[in-house]
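Shared chain: subunit A. Partners: subunit B in the first complex, subunit C in the second.
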Partner chain A sequence: MADARSRFRTLLPRRSAKLVGGFAIVGAIVLFAILGPLIAQPPRDSDNASLQQPSAEHWLGTSKLGYDVFSQLAWGTQGSLMIGLVAGIIALVLAVVFGVLAGYFGGFADEALSLFTNIMLVIPGLPLVMVIAAYVQRSEGLGDFARSSVLVAIVLGITGWAGSAVVLRAQAKSLRSREYVAAARVAGEKAWRVIFVEILPNLVPLLAAQFIFGIIFAILGEAGLSYLGLGATGSITWGTMLNDAQTGQAVGTGAWWWFVPPGAMIAALGAGLSLINFAIDEVVNPKLRLAPENARKVRRAARAGVGVTETGVIA
Partner chain B sequence: MSYYLRRITFYVVTMWAAVSLNFLLPRLLPGDPAKIMIGKLRRANGGRPISQEMIDAITSILGSDEGSMWDQYVAYWGRLLQGDLGVSSTRYPAPVADLIAQALPWTIVLVGVATVISFILGIVVGAWVGWRRGTWLDHLVPITTVFQSIPYFWLALVLVAVFSVNLGLFPIIGGYDFFAFPAGPEWSWAFVGSAVTHAILPATTIVLSSVGGWLLGMRNMMVSTLSEDYVVTAEAKGLTPRRIRTKYAARNAAIPSLAGFGIALGFVVAGSIVMEQVFSYPGIGKLMIQSVQGLDYALMQGVFLVITVTVLAANLFMDVIYGFIDPRARHNG
Partner chain C sequence: MRDIRQRAGILEAQHLVKDFRLRDGVRLSTLHAVKDVSFSLEPGRTVALVGESGSGKSTIARMMAKLETPSSGRVIIDGKPSADRGRGLAQYRRDVQMVFQDPFGSLNPFHTIRHHLERPLRIHHPGWSSSQVRNHAHELLERVQLTPASRFADRRPHELSGGQRQRVAIARALAPGARFIVADEPVSMLDVSIRLGVLNLLADLQREERLGVLYITHDLATARHFSDEILVMLRGEIVERGPSDRVILDPQHEYTKTLLDAAADPENLGMLRDEVRNGG
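Let's look at the complex of A and B:
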């Protein structure tokens, strides 16, 4: 029992400044997405004066149509996070299916799945998303679903999994040749059990990292799509805010409070998630953590006059 | 040689897949793009009926009710190999192929030059930051992620707001000065100068947004490489730090960056497409956006195909270089 727990602990990122900082940023944004809409005025309330500078009444000013930018930002955060989450989950599931299965089964299945993955990887994602969106959104058969944020998330999910699949395949392939997996197979465990019980738990840090990449990719993709007017109608996201700002000439009229906050939120969320990924990276690849520490130790020793590298071969 | 053969086979298969995807998308997704497109062309023609030849071109690209899927597929390839991509409805009656031929050089030069600058900058700075591991520079590394997460088009908006609108240092939109050259592009120093001034902000956007990825990847590989045994051996032999840094560590650490170039290029292309909208840059991204917003399906299909082919060509080029510098890739396939 204690053994299992300590094994699990080695999978967890060490509590470092990067991890704490990353969680603080992401946590704050998630909290804002949950609480913001509760305290802000309705996002499409156009009774306010238009293009107001930030003030005590309107913390982030108002847009050309008189919408309160703070309230738009609160709802937009919610919308963008939802799309990122849904698309991230879809991409992760597809990446596991294509990557882990290819890596585990090898042979012909590997060849076929990898070929498909690599084709998806080199076909540029965003243009493909734009093409699919342009067709799907104009079709009458789908009704309201055709321009919903769920559909945008699905399209982003099914176009954004290939990179993760490549990473997972490489790792699954290496795990597959380990002795404990061979032992499990000799013991007669079924393929699905080996994959879910023996292999997937050891992929947890990688899965987390790829999930985070998937979310960043989807949120950036959604922002681009919405900015071009191809996003979901009816919902508010960071991308639709930027699209409004573009059509409202926010840059030309110097209404910085309108277009700066949504982009800053995207950058902050991306940075926060990347920080968490850094912490995970240092678990997956201990050299990243140990090498700088060693270099620091050597330098400290040299300064104290103990080391042999006075000219600083390492430092 | 089998490495090159394998890679070329892969790109031929991918080419085929991309063309087939282009063929299938308008046919399998719900909606009737051919009907919409023909209606648009008729309106663009001033309400007069358009020629049967043009209708055939559109149905061969976007699908028709007549003929089996296989016949349509063969006809589609036939037209494609003749370079016939149909007629644009938003820029009626310009052929799609001509529009793309005008726009493509702008994007290739801009994205190409900016990517090369960004790549070299990222590798050089990344190698240096990795070499100085364990110093204050480590704390700068997380900052690069902020730049990486910034959407290209938003960075472009901010740069325009600061440098063009407020400071007036750079032009706001376009690829060259429309008023100085009303006849369009020409080969003169004045025109090239105008084009370069217009390209500075878009190129800066691409470099700032993409350099973080190269820098971070190179730094991490450098840190890993520096703890390899052969680096320790080199140190023990008493080689100069400079020699170890450049000849032993950096050269090996740069290999994964080159291998990952293709994936990164996809991101740069995606970012640049949206960014061109901000600058109204006369490149392929602007054309793509215009076609999507105007439901100009023939133009959209053509642009998507050309973007894919260009990215594949760049990937193949990098693979050839990669095979040249890393013998392991050649021998292990």
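Let's look at the complex of A and C:
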């Protein structure tokens, strides 16, 4: 349907430097995660000499156990992105359930759902994740699953939704009182259809922003967990690489090629996703779009010697 | 008491009361928005509900459209109490539809005009095929004079003017095949120049379909022009009711007289200006 596409077009962020930059960074990292493992040697191959400097043979050197760091980075990128994606989706679904349903139904449902959301919100995040992760990994009967990155993603997902739920609840409450929602009810629409067809499409920019926030939160959380030794020891992520580097005393031995790449990747992905998020924010709140341009105008005027500056009126 | 056969085809509000509980910190207070209001709508007749902002007119509209539950009192349709849920409510919605005040707020900015018309058609005629639904949606657009229908159907609300949107809202209210329309200040948000067009359209449709219309407004002039009966509301109560000409020409209640004096009247033109100039 042609009009379906045009309907979504108005929800898409305008092409701006932020959006292009963000997509370039994130796209490069995703491409690396897909293509890297195809060209790199197996990440657990320890036949290499240990602690080699970067060279033509080992682009990012080797670790203390003789692993190729480039190969580890390629697989680690894949692992971290998977965790981010899975945790982001879980957090988004929970945020929609708790936030949008509370906001739409109001009354007792709202009280109960927001109470739970607020409890999740005030519990300090990382310690809770650590407790749950440690508990789940020690419980019996999980087998390999207990060491898998999927489990870490699930734990991060079910602890990372509360902030988004608060935002979505407020927005859903506001949309609920719009007349088009009342009109849909008068037309005879069922509650779930009002929520998913009338309200949710108008929340798309907000959902996208919350999803990206969830991914950043999960990837940082996973890195933190793995660094503390509570992560997915069965798989390779940026966090487990950092943990290995730490236990292998990479900093003490000056093996910068071991810990700088995963750290730089975390920083780059965080920056890229945040840039996309800023671009989405400008869709939600068009005033933000004008702010940088206005600031530029004021600066230009000040340089030209007209207008008002901090020091006073010039012209 | 009229017997049930006579009351078939009549929508009645019986002793409607709506109280809102307001919470200000820990203190609770009660706002009596509507106090014991009764009236009946008959096919082919228009009843105007006139009053100032906050007099409870919109609350009555929302209760008639089943968006609010009355604190007490009943809505009776065809002599039987109306249902609040399930199949009964679906049947009620087929019979009673509403046109909202704000044409900019009552259409979902995300969806096309087609969606707004096809949804009620699908809900209330589950047996229809897609092409039947589509044809009926086009027919509805033509009946509210949005032609050619195919050009309007795929547009989205923000591409239409206020008057065009309100026509879409009227078409949507007609879609389920309603016998009664609650029009909550349908033209108050429109430019003065296009109000008459929308009201005339509503009146034409009413005549053709023999609709019972509850026309809610604060404008006595259009109330007299378009309705058979006028109810004047003040702070949740109906203070005066009667045939429209009688209410306008021979008002009994003080408040009705005040309303009439406040209305723009060609004879009073320039009076305010003179008052300001001379009175100092």
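FYI, the second predicted complex is superposed on the first by the 284 of 315 C-alpha atoms of A that agree within 3 Å, B and C clash if a C-alpha of one lies under 4 Å from a C-alpha of the other, contacts with A are read in each partner's own complex, and residues count from 1 in each chain.
To be clear about the criterion, contacts are C-beta pairs under 8 Å (C-beta built on N, C-alpha and C of every residue); 3 or more make two chains touch, one makes a residue touch a chain.
Quick caveat, the model's predicted, so the values are computed rather than measured.
Because the two structures share subunit A, they can be overlaid on it, and in that overlay subunit B and subunit C fit beside each other without clashing. When the two complexes are laid over each other on chain A, the CA centres of subunit B and subunit C sit 100 degrees apart as seen from the CA centre of subunit A, to the nearest 10. Among subunit B and subunit C, the chain that touches a larger number of residues in subunit A is B. In the superposed model, A:Ile216 makes contact with subunit B only, not with subunit C. By the touch criterion stated above, A:Glu198 is placed in contact with subunit C alone, subunit B being left untouched. By the touch criterion defined above, A:Arg185 lies against subunit C but remains apart from subunit B after alignment on the C-alpha atoms of chain A. Look at A:Leu85: by the touch rule set out above, it reaches neither subunit B nor subunit C. Superposition on the common chain A brings subunit B within a closest Cα-Cα distance of 5 Å of subunit C. Those residues of subunit B that touch subunit A in the shared complex are 10, 13-14, 17-18, 21, 25-26, 29-31, 33, 36, 132-135, 138, 141-142, 145-146, 148-151, 153-155, 157-158, 160-161, 165-166, 172, 220, 223-224, 226-227, 235, 241, 244, 262-263, 266, 269-271, 273-274, 277-278, 288-289, 292-293, 295, 297, 300-301, 303-304, 307-308, 311-312, 315. Every residue of subunit A that touches subunit C in the complex is listed here, in rising order: 3, 7, 178-180, 182-189, 198, 201-202.
Of all residues in subunit C, those touching subunit A in their complex are 62, 65-67, 90, 93-94, 97-98, 100-102, 105-112, 119-120, 123-124, 154, 156, 169, 172, 175-176.
If you check the complex, the residues on subunit A that touch subunit B are 18, 21, 115, 118-119, 121-128, 130-136, 138-142, 163, 216, 220-221, 223-224, 227-230, 242, 245-246, 251-252, 254, 256, 259-260, 262-263, 266-271, 273-275, 278, 281, 285, 287-288, 290-296, 299, 311-315.
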